[in-house]
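Before anything else, here is the set of structures, which you'll find just below.
You will see two complexes here that share chain A, one where it goes with chain B and one where it goes with chain C.
Right, the complex of A and B next:
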């Protein structure tokens, strides 16, 4: 019996759930800005998931790609007077290039040494941004980042100043990235990435040059993370130095793990939970990350598949009960 | 072409001062089953590492199918027609049997699988090859079972199947029966004999019974060097071989 995966499957399953969440978020949440923040970080978590969940590569360089996207898109708009789409393309290209370089170096080692290399490179990026204060604003951050209208070939299609309009734009981009990511995962490349995660020696023995695959995973992840960074800068009209800091890498990894590694929809859940918890808890208690720590410990101990893993096992149990 | 698919010349692999492989010149004739045997520590596994690209020989060279491949990395040997199995089962444990074999088929095309914009379903040739090999291995009923959930014997069979997916000219098998129960061994022996009909097989094996029954040529190694080479009957009768194995026992 020959059963082929259905290429149209990209449009079924969790894609519908993602679409529903994207539509409901701004309605349910008190502000469209909060919804936008969630979707932007979901994009960063999704890119992290490609490396961590599918490739088994724990990268602490995600903040570097995010920050680079923020700075370079902003500088391109401020000094180069680029429009929205061109600025985003600059971020994507820069993110891809930087991530390729980081990947090229880091994948020469495996395990803990690989993680340390991504960390060291990200720290270099942080201090570079700190040192180049004339360009980045250093500690004060890069101020007055514009949010140009959506225009194509000089024709303005939409003004994005309203929070709702900007949300719609970001949500649409997220959806495109999500569909793209699903395609990537269902591609020969995606399946090879999983093979490398499962057993790298075997993957090499059947003929894959595993370094090329890991590097391409970095390139794609960096491009998407930088896009998220650029969108974030336009959201808050500002690039804080925090965007490129260690904490950012950490947050992105935490969101990915909370949502569930190896599930793209999980990234949306993870980012949503993280941003919302921060929003609610920080108003009650400024030391809320302590609670986050406790939550993370519980999650790792009892819900290894993350939130999405939990949802899946619940659904499976209900299905069993129904039968 | 001399009719030999694999040739090593004065191959040596030294770990510090210890020469695990010490000047081995070996020729594997195309279309045969060629076994390498020897007592523990004879250098069989080290020789195998050199042939598969796991280790770089310190001296000598390896010619495969007319090409010098001494320094080629492991992954780059698949595309020219070499494939290997592992002594300790090395599968994608959490993936289905079908996916294991499909990935192994995809590996034959090397970097072409970098195509992240295409669908796996577009690689029909890989899917079909996986199905064919699954049937040949009698694993079709287990197609959707995770490789890690197969019995040990089936895992050993799949291990050999992974190498077959590379459509190799030369199949390098590292102790295919290692860890197999007495009941499973005939299945493997039969499979290797079957494969020998349309592949060149080079086998490293500990189990003398298998080696004697299916090999065309046997090379006996001892202390990193070739002790005796010849047909099974000749090797069986050779005094030096007995001495080497008795030496191990004593």
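Right, the complex of A and C next:
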């Protein structure tokens, strides 16, 4: 029997807030392109959050999946003349495959070794992209990435060249990913992941194959991150080598923790804050990452739950005061 | 042809000793403090720039070699006192975040002071030229690099194995609480160890300056290599850092003759191979 999702489970929690933000972003912001950038990075942060917030796995290699999605979708469009949907599917499949391989290697170790392995394997991807300059363009980046129209079975449904149309497409995809992630978290798989985060030894003792669960989480996260990478390449019509650099992995982790781990809405909040601050501050002072560094230190000192954690504790305090 | 390989093997030893100095610092800090310093690469970069500035200002390489690492260590000592020690009790994620913050500040600070374009550092006068051994000629500076880092490595080994400070560091790596209960000032020990470990990264930076120059964005690459070395050699192990560092240095250097574009890539290939065969590293225990 087909089990339909419980409407309360889908529409409860922060879903309405996410939808509201997605609708308001292009209205409030000066350009739809900026809004698109926020939503794309929110997708990458959400995938990182799935690992960190729910699985307790800090991956410092998300840039590898992001970059792989950018490169492979672009190459599939440039050399394979694939359409939009097929190119995005290529990115998702490649992201899932690479993440599975990285996960398979990195999950052999736990704790800090795991973090170091994800970083080192991502660096390997960076140097691979750098070495294969004939395909990736190396330091110059991969130029002339197209943005094909949305078409299904040869029928063109929408032209995405306009910034507004592309935003609508990306936002719709983000919403689907968000709903999917919610379903995953609320499923037995999600609960098991949280159990592993809380106490891996106990979860293993109860009989769960913890490595299998962690790897599956990695696969999912890699697929979503690569999708975000592919969408980003189509947004800027270009794949810079930076897409696969350590800075990208770092930025994705920073967005995730700024927003707050353990809440998917936090990822949207974190990506929005990061991209907007970057946009505003970099126009005033090119050395703005210095302020980001200071901000990170302050976050660790005073706001360990991230922005969403701050909002939650504020709400709790107000509720307490009201009672 | 044989000479070419001998040349690359010596180059690899020099590079490997630099990697050893960086990684052993990372490893000492982790062993005692159970803390991974993600700003380690940025402190290395600072060492390179201090080498540049001190050489440009005084022309004295020996002064740069002495003052540069000490200045980096002093900065690390201050950072430990003000920031780092406040987060020891938190999970690793916060250790990483706070040191990523420090690394960003150092990187952007370096751009503010020295500009976004890298600096090349001239060979010190005393160490210019080549040493001739029969038919074989080798740059003096690179030979000095190998010998000097070997001496530093030996002194470090003496410090860790033969002094009271070393005994405290080793005992603290086993049980911090016990050392503290026995009356040692554990916070002082932590500050000194952090400064020592980061100072070694600074020393590696000063030493590599005349060969590789200084660049504001070199931190991440160096951090990646240090991680490869400790993943291969095992964290908290002096011997592991030495063998891992030399192995990676040799792989990189020999690959430069065979496949120049892929030399950096092969470092990570070597790491992946080690992880496949021995998930806990060459010297690691499960």
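FYI, the second predicted complex is superposed on the first by the 315 of 323 C-alpha atoms of A that agree within 3 Å, B and C clash if a C-alpha of one lies under 4 Å from a C-alpha of the other, contacts with A are read in each partner's own complex, and residues count from 1 in each chain.
Methods note: a residue touches a chain if its C-beta (ideal position, glycine included) is under 8 Å from a C-beta of that chain, and two chains touch if they have at least 3 such contacts.
What you see is a predicted model; the values in this text were computed from it and never measured.
When both complexes are overlaid on chain A, the residue A:257 reaches chain C alone and has no touch with chain B.
In the superposition on chain A, contact is made by A:128 with chain C only, not with chain B. In the superposed pair of complexes, A:297 makes contact with chain C only, with no contact to chain B.
In the superposition on chain A, A:195 contacts chain B only, with no contact to chain C.
Shared-chain residue A:212: touches chain B; no touch with chain C.
Touch criterion met: A:289 reaches chain C, while chain B stays clear of it.
Using the contact criterion defined above for the overlaid structures, shared-chain residue A:204 touches chain B, although it does not reach chain C. The partner of chain A that touches more of its residues, comparing chain B with chain C, is C. Shared-chain residue A:187: touches chain B; no touch with chain C. Of the two partner chains placed around the shared chain by superposition, chain C is the only one that A:116 touches, whereas chain B remains out of contact. For the contact definition in use here, the chain B contact set and the chain C contact set of chain A share no residue. Residue ranges of chain A in contact with chain B, taken from their complex: 1-2, 4-7, 183-184, 186-192, 194-195, 198-199, 201-210, 212-213, 216, 220. Chain contact summary for the complex, chain B toward chain A: residues 52, 73-76, 78-79, 83-84, 86, 90-95, 99, 102-104, 106-124, 127-128, 131, 143, 162, 165-166.
Taken together, the chain C residues at the contact with chain A in this complex read 30, 36, 83, 86-87, 90, 92-94, 96-98, 100-105, 107-109, 111-112, 220-221, 223-224, 227-228, 230-231, 235, 261-262, 264-265, 268-269, 271-272, 275-276, 279-280.
Contact residues on chain A toward chain C in their complex (touch as defined above): 52, 58, 60, 105, 108-109, 111-113, 115-117, 119-121, 123-124, 127-128, 130-131, 133, 245-247, 250, 253-254, 257, 287, 289-290, 292-297, 299-301, 304.
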